[in-house]
Amino acid sequence: MAPPATLPARSSWLPAVERALAEDLGSGDVTTRAVLPEDRRVEAVIEAREPLVVCGQEVAAAAFGLLGGVEVEALRGDGERAAAGEALCALSGSAHAILAGERTALNLLARCSSVATWTRRFVDAVAGTGVAIVDTRKTLPGWRSLEKYAVATGGGVNHRSGLYDAMLVKDNHIAAAGGVTAAVKAARAAAPAHLWVQVEVESERQAEEALAAGADSLLLDNRSLAELAALAARFREHCVLEASGGVGLANVRAVAETGVHRISIGALTHSAPHVDVALEVAAWPGASR
Amino acid sequence: MAPPATLPARSSWLPAVERALAEDLGSGDVTTRAVLPEDRRVEAVIEAREPLVVCGQEVAAAAFGLLGGVEVEALRGDGERAAAGEALCALSGSAHAILAGERTALNLLARCSSVATWTRRFVDAVAGTGVAIVDTRKTLPGWRSLEKYAVATGGGVNHRSGLYDAMLVKDNHIAAAGGVTAAVKAARAAAPAHLWVQVEVESERQAEEALAAGADSLLLDNRSLAELAALAARFREHCVLEASGGVGLANVRAVAETGVHRISIGALTHSAPHVDVALEVAAWPGASR
Amino acid sequence: MAPPATLPARSSWLPAVERALAEDLGSGDVTTRAVLPEDRRVEAVIEAREPLVVCGQEVAAAAFGLLGGVEVEALRGDGERAAAGEALCALSGSAHAILAGERTALNLLARCSSVATWTRRFVDAVAGTGVAIVDTRKTLPGWRSLEKYAVATGGGVNHRSGLYDAMLVKDNHIAAAGGVTAAVKAARAAAPAHLWVQVEVESERQAEEALAAGADSLLLDNRSLAELAALAARFREHCVLEASGGVGLANVRAVAETGVHRISIGALTHSAPHVDVALEVAAWPGASR
Amino acid sequence: MAPPATLPARSSWLPAVERALAEDLGSGDVTTRAVLPEDRRVEAVIEAREPLVVCGQEVAAAAFGLLGGVEVEALRGDGERAAAGEALCALSGSAHAILAGERTALNLLARCSSVATWTRRFVDAVAGTGVAIVDTRKTLPGWRSLEKYAVATGGGVNHRSGLYDAMLVKDNHIAAAGGVTAAVKAARAAAPAHLWVQVEVESERQAEEALAAGADSLLLDNRSLAELAALAARFREHCVLEASGGVGLANVRAVAETGVHRISIGALTHSAPHVDVALEVAAWPGASR
Amino acid sequence: MAPPATLPARSSWLPAVERALAEDLGSGDVTTRAVLPEDRRVEAVIEAREPLVVCGQEVAAAAFGLLGGVEVEALRGDGERAAAGEALCALSGSAHAILAGERTALNLLARCSSVATWTRRFVDAVAGTGVAIVDTRKTLPGWRSLEKYAVATGGGVNHRSGLYDAMLVKDNHIAAAGGVTAAVKAARAAAPAHLWVQVEVESERQAEEALAAGADSLLLDNRSLAELAALAARFREHCVLEASGGVGLANVRAVAETGVHRISIGALTHSAPHVDVALEVAAWPGASR
Amino acid sequence: MAPPATLPARSSWLPAVERALAEDLGSGDVTTRAVLPEDRRVEAVIEAREPLVVCGQEVAAAAFGLLGGVEVEALRGDGERAAAGEALCALSGSAHAILAGERTALNLLARCSSVATWTRRFVDAVAGTGVAIVDTRKTLPGWRSLEKYAVATGGGVNHRSGLYDAMLVKDNHIAAAGGVTAAVKAARAAAPAHLWVQVEVESERQAEEALAAGADSLLLDNRSLAELAALAARFREHCVLEASGGVGLANVRAVAETGVHRISIGALTHSAPHVDVALEVAAWPGASR
C-alpha cells in the first residue's frame, strides 16, 4: 500500500506560485480594476467539472493568499474523489483578489488534480496485485516535487527525485563503461551506503551480472510480458524489479501480473488528461454600486 | 496568416531552465559521476519518436549551455515538421554534461513540441477559412510565454499575455457591474487608448450593448453553431468575433465556417498530447577507460 | 476624464522597497543603535514642506512595515492635495525603526509625489479641452510601474507599459522597412488583434499611408502647432492622434487646442521638480533614559 | 581636489540594469520583431542633445551587453564634457538588440550624466576655495551607489554610503538622548575606532559640547552665512565643518567663502536637471529586405 | 568597554537562514513524515552541553519561524553565560516543524555561540587593560555580519565590515605605490572625510611616514613584544595602535600590556572551538497515536 | 576505499561565492582604488602556511573569475597534499581584482582545505581497517554540499545530504511512535524502494527489532567499545553498522576495530582546525606609476 502523500514544504513551491501569479498579473488585472470598486466583495466556489481526485488545494489557495484579502475554505481534502459539479473549496473576500487569482489557482489545481486522477486510474487497474505504480523524471520543468506529490496523492509511489538521490545505471552508462559488471561495480564503489543502485538490464545475463556486482534493483525497460515473467520468476526474491516502457491503462494489469514489484510510467505526468475545474460566483454580497 | 513566431527574450526563460536543471540535478548526477571519467566525451542526437512540429530547440540547448562543455547543432528549426526517427539536433562534448542535461532538455523540447504539434493540427483543420486559432491563459504555471511561443510556432495566434495587456470583460464583471453597458463603459473609460476591450456576450442583445458601449471585440463562449452563425452574420463587419468553448478537432472547422474571425481553445495548451523525443548515443569517441 | 489611479500590486514593488532599504541600512543604523535604547518609542509625522499632490503613501509605509514595530496612519490619501506644513501621515512605534526607515520612506514619497504634482500641473493646464496628458517610457530605471501610477495619480493617462504591450512603429522602423506602408503592414500582420498599432508620422502623406495600412493611432512628434492643427483637422475622426516633443507648461494648452486627442510628455517623469517632505518628531513618549 | 571617481563593481549594479531592461522589454519588443528581420544589422550613435558631463557609459553599455550581439565603442569617457550634438558612443550590431535596449540605455545614461553635470556646476561655482561639494542620502531608491559615482564623476565628494558606514548624530538623536553631550558620548563609546562621528549642531554651545564629547565633524544645517562664518572662525582648525541646507547655485560660493570645509547638497541628486541624450541611426548596412 | 552588541537587521540574515533550511530539508524530512502524524505536537528545549556565552537565539528561532507552527521562548539572552546542561530556549508546537528545523537551528546557534564564547575568553584575558579585542575579515563566507555580531556579543569590538567602509593600506599597497608616503597620501587624498585610514607599518620609520601622511591608525602586524612596546611608547598618543599576528590566549595579555590600543585576532572567527548545543524532547503532549 | 571526490555543480555554489564577495566588497575596495591605478597588474601566488590537503581550488578561483581580469593557474589539485610554504596556485592580472578578491578566495580555500585536511587525519588513523569515515549534517549553514565535497576530498564518505535523501529514524521518532518496531515499520512502509532506512538503536533488543522491521542500517550512537564490539559481532553481516558519538583522533582506531562498517563524526566539519593559506605578491610587472 502506498504511504500517505505529504505536500512538500510550502517554501519549496511558494516561489513558483508567485511566479505563476506574476506572469498572469503583470502590472495588474486591468479589467477588474476598471469595472469593480476596490472594496467589492464576492463569494464563490471552485468546483469540479468532471469526476476527479482532488489535489493541490493548498497550492491553489496560496495564490489567493499571496494576493491577500481572501478566505479559502477547503471542502474536499487532497486525495478525496469529487463528482462532476461538486464544490472543492469556498472563497470569500475581495473580488479584486479573487478574480485576479482565479486563473492561476485553477491552472494549479487542474494540473495537480489531473496527475492525481490519472495516477489513480493506474493504481486502481492493478488493485490487489500489490504492485506499485511509480513515477519518472518526465515531469513538467520546474514542477517536479509538486507533480510527485500529485502522483502520491493518486496512490502512486515516487521514484527518485532527481539525478542525485539514487543511482540508476542506464544503457548509456553500461555502454560507456564497457559492460554491466564494470558499470555497476563502479557505481557500487562510489555509492555511499545509503544510495540505492538500480540497473537497467536487457537480458537475464545482464541481470545476473548486475546483481553479482551489487545492484539493489533492476529496471526492465521495454521487455515483453514473457520476458518480464521469466525475469520475475528468477529474480523477484533477490532484488526489486521494476518494469517500464509502453505501459498504458490497457496493459498495466498484465504487466503487474508478471510478478514484477513495481511499474514506472512516464505518462503519469507527461500525459495526464486535463481535468476541468472552474470558479463559480455564488453571491455578490452588499452589491451597492 | 499567422505572423512568424519569435522566441521570447532569452533572459525571460533562462531562469526557468536553470530551475528545471536544478530540481533534476540537485547535488549532482551521482550515477554518471561514479561510472564515467570526467573527461569522457560522447556524440549523440536527439530524435523524434513520432511525427511532430519542432519547437523549443534553443530552450533545450540552453540546458546544455548552462552545464557547459557541449556543442549543440540544431538540425531542424522551430516550426519545421519532423518524421518519426528524424534527428532534431546533434550533441557532442562532455558525457557528464550531456547525460546530466538529457532529461531536462528532453522535457523542455517535448513540452514545446507537443503544444506546437497540437496547435498545428487545429490550424490545418481550418486551412483556407482565414480563421485564426488562438490560445488562452490555461497554460502551465510559469511557462506562459514559452507556451505562447509554441502556439505561434504551430501556426496559432496569441491572445493577451495575461490580465494586464488587454481587457476582457467577462460574465462575472458584467454581473458585478449590473449589466453589459455599465461594465463596458467603465472598462472603456478606464482603458488607455492602446488597450483592447473584449467583452464576453451571451446574446445578440448583449452584443449590441457591448458594441454600443465601445467594445473592440466580442467573445462568444459556449454558443451553438447556429448562434455563432447568426451573431457572425450580424456583427462580423463591426468588430472582431471570437468563439470559444467546447472546441475540438472534430468540430473546429464547423465553428470556423460560422463566420467568426478567431477561435480560442484552452486545449491547445492544457491538453496537447505528449510527443516523444529521445536522446540516442551515436558514438563514444576516444573510449579509453 | 482620467480613470482612477490604482496602485500596482504590492508584490510588484515591494522588492524594490526592500532593496532601497537595504542600500541605506547596510549592516544597520549605527548611530541610532549607539544613542537610543532598543525599546525607545517615538511619535512623528511626515509632512509636506511645500504644496503637493500626495502619492506613494503605501509605498513609503511599506519601508516601515519591512522594519516592523511601527504603526503608520495615512492622513491624506494618494491623489489629494496637501498644503505646505500639512501632515501626510502619522507614525508611532519603535524609534529604531522609524529613524532607520526615515530616509528611504521620504525618498519614496518625495519621488512619487513629485511626479504626481508635476503631472497635475499639466493636467490642470489643459483643463476643459478633453485632451489627455500621457506619460512615456522615459522613467527612472526600475520604477516604471510606480512612476506610471504617480502619473495616473496626478490625473494623467498611461501610455504602454513597455515595448511589449502595444506597437509603436517609429522613424527607425520605417527607415529599416523602406517606408511607412511596408512597416505598418508588417506590424499589422504580426499584431494579434488585441495589440494597438501606433505609428510615428512626419507628414500628411505618411499619415495617410499609416492609416491605410491599418494604424490605430498616429504619433505626431515635434510638429509645429500649425502642422498639428492641420493633421488634427484631417485625421482626428479616423484615429487617435497623439502629439509629443518639446511640450512644456508654457505651450501645452496651445498644443491641446490644435485638436489632438492626447499629448505625451517625457518631462512628466524625467523632469518632475522635487517636492520636499520631511519627518518631524512629535513626541518621545515614556522618555526614561 | 576630489579623487578620481571609480565605477562601483559591476556586480553591484548589473542586476539593476537587468531589472530596468526587464520592465521595459516584458515579453519582448513586439514592434521590432514584427517589422525587422532578426538578422538585420544597424549602426548608430548615442549623442548629447545639450552640453553635459558624460557619466554612465559602462552602465548604459551593459544594457546592450545583456541583450547580446551589439558592439559598443565609447567615444567620450566618464567625466569628460560633451557639447550638444557630440556622439558619446558608437553602436553596431543586431538591430533587434539595439532598438530593444535603446530606451533603457538612454534612461541610464541620462540619469547618470544629469547628476554629474549638475554636480559639476556646483563644483565649478566654488572653484579655488578648496571647499568640497558633498552628496547626501537623498538619492533615487535603489540607485544609491551609482548616483554617488555620478557625483564623484562631476567632481563632488561622497558622504557616507548609508546609515552603516559613519555616525551622524542628528537633532532627533540629541533630543532623544537629552542633549548633545549624552548623545555624542554614547555614539563615541559605541563607535569602533574606524567609524567617523559627525554631529549636527545648531549653536556654538552645541558645537563645543560635541567636540568635547569626541565628534570628528560638525554638520551645520540651515545656518545663516554669518553663523557659518562665526562657527568656521572658531572651529575650523579643530574638526571638519560641513554646511548644508538651502544651498543652490546662487549662494553656494558665498557659503564656501564662510570658511567651512565642505557643503552637502541634497539637490545634487534629487533635483539634477535632466540632460537629453538620444540614439541616432547612422546606417542600415546590407539593407536587403 | 565594548558597546552593547546589536543583532543585524533581520532582513540581512533571514535569507541565509532560509538557504540553510533549504539545503537540509530539500524535498522534506522524509523520516518524520513517515513516522509522525502531521498534527503531532511536542515540547522540547535546546540546551547547552558545555559552558558557553549564548549567541544567536533569534537567528536559530527564525529557522522554526520559517517552518511555522512553533513557539520559541528564549530562556537566556544573547550575551549571557550558560552552564553545561542549562536550557537556552523552550520550544513547543508542531513536531514536524521542530524535528525538521532542529539541525539548522542547532548549527546556527552553535556557530554564533562558539564565536561569542571564544571572544569572551580573549576579552577576559585582557580584563583591566582597557585594550579592545577586535575581529578581522577572516570570517566564514556569507556569515560576516552575523559573526561580527557574535564577536560583539562576546565583548569584542568590530573592525571594518569589509573593503568598503575603512581604508587599510597594507604591505602590498605600499609596495605597489613605491613607499609608505606615496601610498598613504594617495589614500588620504581619495578618502572622503568620514573614511578612516589605517596603515600597516613594519618599522618606526614607516610609522612616522604614515602619520605624517595622514594615517588615523597604525596596524602593527607580527611585531615582537619589544617592538610593540617601543612603538606604543612613541606613538600611542598620536593615533590608534592595533597589534595583530600570532596572538593566542597564551600571549594576548602580554601583547595588551605593551600599550597598544587594540588587538585584532583572526582566530576569533576562524578558530573558535565548537560549543555543543542539543535539542532534548521534554514531553509528547496528547500522544494518542 | 572512498570514491573520488567530485566537486558539486558550479551553479550550486557560485551564488554563495557571489554573496561572499559581495559582503566583503560592498561598494568597493576603497583602499586599492585610492592607491593603485586601475590598469596596474600583479603576479602572486597563494601558498600553504602549514601542511595541508588542498581543497577548494576551483571555488577560490571563482572569486577571481567573478571579478574578472585575473588568470588563475592551479599548481596543486584538490586532494593533493602540500607542505608549508608550497604554492597552491599562481595568479596574474589586474591588481585591483586580485587584491579585492584575496580575502574571499583565502577564506574559501582555507575552509575547504581545513575540512579536507582534518578528515584525512581520521581516514589515515583507520588505515587498513576498511572502515569508512563519514560526515554528518553538522555543517556550516549554507555550505553543506561544499563541506561534503571537502570531506570526500579528504578521503571520507558522505552520509545523506539532508533530511530528504535517506531516512534516519532517531530516538525522538522512536519515542513518538511508541517503540522501534512501530517507528521502523512506518518508515519502511512510507519509504519508496530507493530510500535507505537507518535506525538509531541503543541496545541489542532495539537492533533486533529494527532489523526485523526492515532497517537497512543501524546507527550506534554513544555506545562503549564493548557494546560496539558485541553489536558488530552479532549484526555486521546483516546490515550496515555505523558508530557515532564522542569519536576523536585518539579513539577512532579503537572504534574502527570493533567491527563496525563506518564511523560518523560531526567534528569533521564543526571542529576542523583552521589551516592557514596566504597570498604573496611575486612581482609588480611594468610598475610605472
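So that you can tell them apart, the chains are marked A, B, C, D, E and F in the order they are listed, and the count of residues begins at 1 in each.
Here, a contact is a pair of C-beta atoms (placed from the backbone, for glycine too) under 8 Å apart; a residue touches a chain by one contact, two chains touch by 3 or more.
Just so it is clear, the structure is predicted and the values come from calculations on it, not from any experiment.
Enquirer: By that same contact rule, can you tell me which chains touch chain A and chain B alike?
Expert: C, F
Enquirer: Taking the mean of the CA coordinates per chain, how far is chain D from chain E in Å?
Expert: A distance of 34 Å separates the two centres.
Enquirer: Round to the nearest whole Å and give the separation of the Cα centres of chain A and chain E.
Expert: 45
Enquirer: How many angstrom lie between the centres of chain A and chain D, each centre taken as the mean Cα position?
Expert: Chain centres of chain A and chain D, defined by C-alpha means, are spaced 52 Å apart.
Enquirer: I'd like to verify one number: the distance from the centre of chain E to the centre of chain F, where each centre is the average of its C-alpha atoms, in whole angstrom.
Expert: That pair's centroid distance is 22 Å.
Enquirer: If I count partner chains per residue in chain C, which residues reach a count of at least 2?
Expert: Residue numbers touching two or more other chains: 3, 25-28, 33-34, 100, 145, 161, 164-166, 189-191, 195.
Enquirer: Which chains are in touch, pair by pair?
Expert: Contacting pairs: A-B, A-C, A-E, A-F, B-C, B-D, B-F, C-D, C-E, D-E, D-F, E-F.
Enquirer: Which residues of chain C touch chain E once you look at their complex with the stated criterion?
Expert: Chain C residues touching chain E: 18, 21-22, 25-28, 33-34, 38, 66-68, 100.
Enquirer: Where on chain D is chain F touching in the complex?
Expert: These residues of chain D touch chain F: 3, 6, 8-12, 145, 148, 161.
Enquirer: Could you list, by residue number, the parts of chain F that touch chain A in their complex?
Expert: By the definition above, chain F touches chain A via 1, 3-4, 132, 134, 157-161, 164-166, 189-196, 198, 216-217, 240, 261-262.
Enquirer: Quick check: in the complex, which residue numbers of chain C touch chain D?
Expert: Touching chain D from chain C are residues 16-17, 19-20, 23-36, 40, 42, 95, 99-100, 103-104, 106-108, 110-111, 137-145, 161-170, 172-173, 175-178, 183, 186-187, 189-191, 195, 267, 270-271, 273-274, 281, 284, 287, 289.
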